[in-house]
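Worksheet: one structure, shown below.
Chain nomenclature is as follows: A, B, C and D, assigned in order of appearance, with residue numbering initiated at 1 for each chain independently.
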Amino acid sequence: MQIGRRFVLKAGVALATIAALPRTLLAAAWPADAFSAKTATEALNSLLGSDQTTPSDQIELDVPVIAENGAVVPITISTTLSNVEAISIVVEKNPRPLAAMFEIMPGTLPEISSRIKMGETSDVMAVVKTDSGSYSTSKQVKVTIGGCGG
Amino acid sequence: MRKAAAVPGAIVAALLVQQTALAGPEEDRLALVAHFQSRFPDIPFAEFANGIYAIDSDARSQWLEIEEFPPYEFAVERGRELWQKALPDGTMLADCFAAQLPDIRGQFPNFDVASGEVITLELAINDCRIENNQPPLEYDSSEMIDLTAYLAFEARGTKVDVRVPDDQPGALAAYESGKRFYYSKRGQLNFACADCHVTSAGQWVRADRLSASIGHTTHFPVYRSKLGGMISLQKRFAGCIRDVRAKPFELQSTQYRNLEYFLSYMSNGLEWNGPGARK
Amino acid sequence: MGRALANRRSLRRLMLITVLIALTGCATEFERRFDEAERLRSEAAAAGSEWLETGDLLEQAQQAASRDDLDAAMALVERARFQAEMAIKQAAHEADNWAGRVVK
Amino acid sequence: MASNIKIKAKISGDLVEIKSLMIHPMETGARKDPETGALIPQHHITQLTFTHNDQVALVANLSTAISKNPYFSYKASGAKAGDVLKVSWVDNLGGTDELETVLK
């Protein structure tokens, strides 16, 4: 990192470009096409080049059976698959199914938690991309319209 | 009670009426605790401070996930900064309170003999500001919520111990007024607070399960996931009253303060565990 | 006391309305009914028993009247009056019955 | 002012568990302002980056389907006290925030 930066400074050109896009040095750009896809198929095609993923029981997807509140649904994904490059969350019935894509760097364990929004009852798919292919598992989460508390 | 069982019905009824009239706050509280313990025999008393999460395990696990890193922590931090900042004349808010930091939350609500009114934590904070020539805070302003969130956090682990002094008829009257409010049906839907949270606690209303009365006041203010923000106890009162399609009262109205007084007394013996996170 | 005062106030309003009728010859039946409903609403409010929508209904009635949609205005006033009456009855009923619900 | 990002890190052995919470509205763009009825523009974090001692550990690419005031947790190996952990994000409107902390 340090050497790279010094090199750029020495080069003295394209400094503005690099400064404006610092994250391109660190990770891939935000995948706008995949995030704007309206179906899970489109999103996966855009993200992985194929909507075909191998179902895997080596992925653990922890989501509630009935969401207390569709605006805050706790989710944890972990996997024993090796050489994981990315973990994605796809909520099939959301207007834009791709919720998040986590790029797992070397040294980071393939185990992430977050809180997501769900518009309605839907399958939630955890997609794990490794150096040998794409794997997935799904669970349904029921989203109900609240009474008084909701 | 057992003796009464042998007595003819009319006399029993008369005795019961008399008992109602005579029952003091502590009798009320013990009866309510007994009611919930017989309804939920597997739930330890202390757990009622967690509301519906004491009753529903699927909801509880989601709540625990939120509690891993609850959004109210930002409110607590802002509240701490506000608390530690002197008012323009140099007064600290702490100077207005007789108790140590962890005990401030638990001093309220109380009955103030001089004014003849129930004083809540929000009122006390504003009284302090007014005494020091500062404008009072709006009751649902973020500053007020943050301050109460901080004091609630500092009070965690102390026990609710609301007093209705025997020698203060005004205190008992305020308590009774809150109790009457709690048990009176209101609104187009004709529900009393107690219809849901005493009689039907644990049952479903559409997609929600109803929580029990005891423990209702221990954890405010709360972060409501639905709102993506914090709300006060009295704002929650207003929400419930709106839900039964009655017109809500003003925050910190006499009605709400008396209700808070009664309902907080019902939580005596439970731990203060605010601020909380709710759906 | 309060009620006597309110009665006197509405009597005065009634006299005013009578004068208005005499002057304009207009239908102020709406105003009379509106005032009656408003009186009942504030009675319910004083009993701590006002329903959620009653005030809104009266406001909507006034708006309808200002658009000269008298049928709609009358219907709205009627709903508000009904709600206010029910709320007053509810408060009276609860005064006698709340204590019976207290857990013993 | 209090920071708008919070981090909690717990080291156990060689592993560190990092939890992070941040204030952000994560507006979907489909929600209406309750008062004006106007659509509230989309406003969400697009990319969130965690680095350990300047090495990128995790990059989260996000949509509006992440809850308001986002929360993330993950685990990493090879961590020790004194390591510098940095969280930073950029959103679709050009907003940014970051927080640096030293593992204890």
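The rule we apply is simple: a residue touches a chain if its C-beta (ideal position, glycine included) is under 8 Å from a C-beta of that chain, and two chains touch if they have at least 3 such contacts.
Being a predicted model, the structure only gives us computed values, none of them experimental.
J.: Using each chain's Cα centroid, which is most distant from the centroid of chain D?
T.: In terms of C-alpha centroids, the chain at the greatest distance from chain D is C.
J.: So using the touch definition from the top, which pair is joined by more C-beta contacts, B-D or B-C?
T.: By number of C-beta pairs in contact, B-C is the larger.
J.: Centroid from C-alpha atoms only, then distance chain A to chain C, rounded to Å. What do you get?
T.: So the centre of chain A lies 58 Å away from the centre of chain C.
J.: Between chain B and chain C, what distance separates the C-alpha centroids? Give it in angstrom.
T.: About 34 Å separates the centre of chain B from that of chain C.
J.: Please set out, as single numbers or ranges, the residues of chain A touching at least two other chains.
T.: 71-73, 113, 115
J.: Out of chain D, which residues touch more than one other chain, so two or more?
T.: Within chain D, the residues that touch at least two other chains are 67-68, 71, 73.
J.: Listing for chain C: what residues touch at least two other chains?
T.: None at all.
J.: Chain contact topology under the given definition, line, ring, star, complete or other?
T.: Basically it's none of the tidy shapes, so other.
J.: Within their complex, state which residues of chain B touch chain C.
T.: Listed in rising order, the residues of chain B that touch chain C are 16, 19-21, 23, 28, 31-32, 35, 179-181, 183-188, 190, 192, 194-195, 198-199, 242, 245-247, 249, 255.
J.: What part of chain D is in contact with chain A in the complex they form?
T.: Spelled out, the residues of chain D in touch with chain A are 15, 26, 28, 30, 46-47, 49, 51-52, 54-68, 70-78, 90.
J.: Any idea which chain D residues touch chain B in the complex?
T.: Interface residues on chain D, with respect to chain B: 1-2, 4, 6, 8, 19-21, 23, 25, 67-69, 71, 73.
J.: Give the list of chain B residues in touch with chain A in this complex.
T.: 52, 58-59, 61-63, 65-66, 68, 196, 204-208, 210-211, 225-226, 228, 239-240, 243, 278-279
J.: Name, in rising order, each residue of chain C that touches chain B in their complex.
T.: Residue list for chain C touching chain B: 45, 48-55, 83, 86, 90, 93-94, 98-104.
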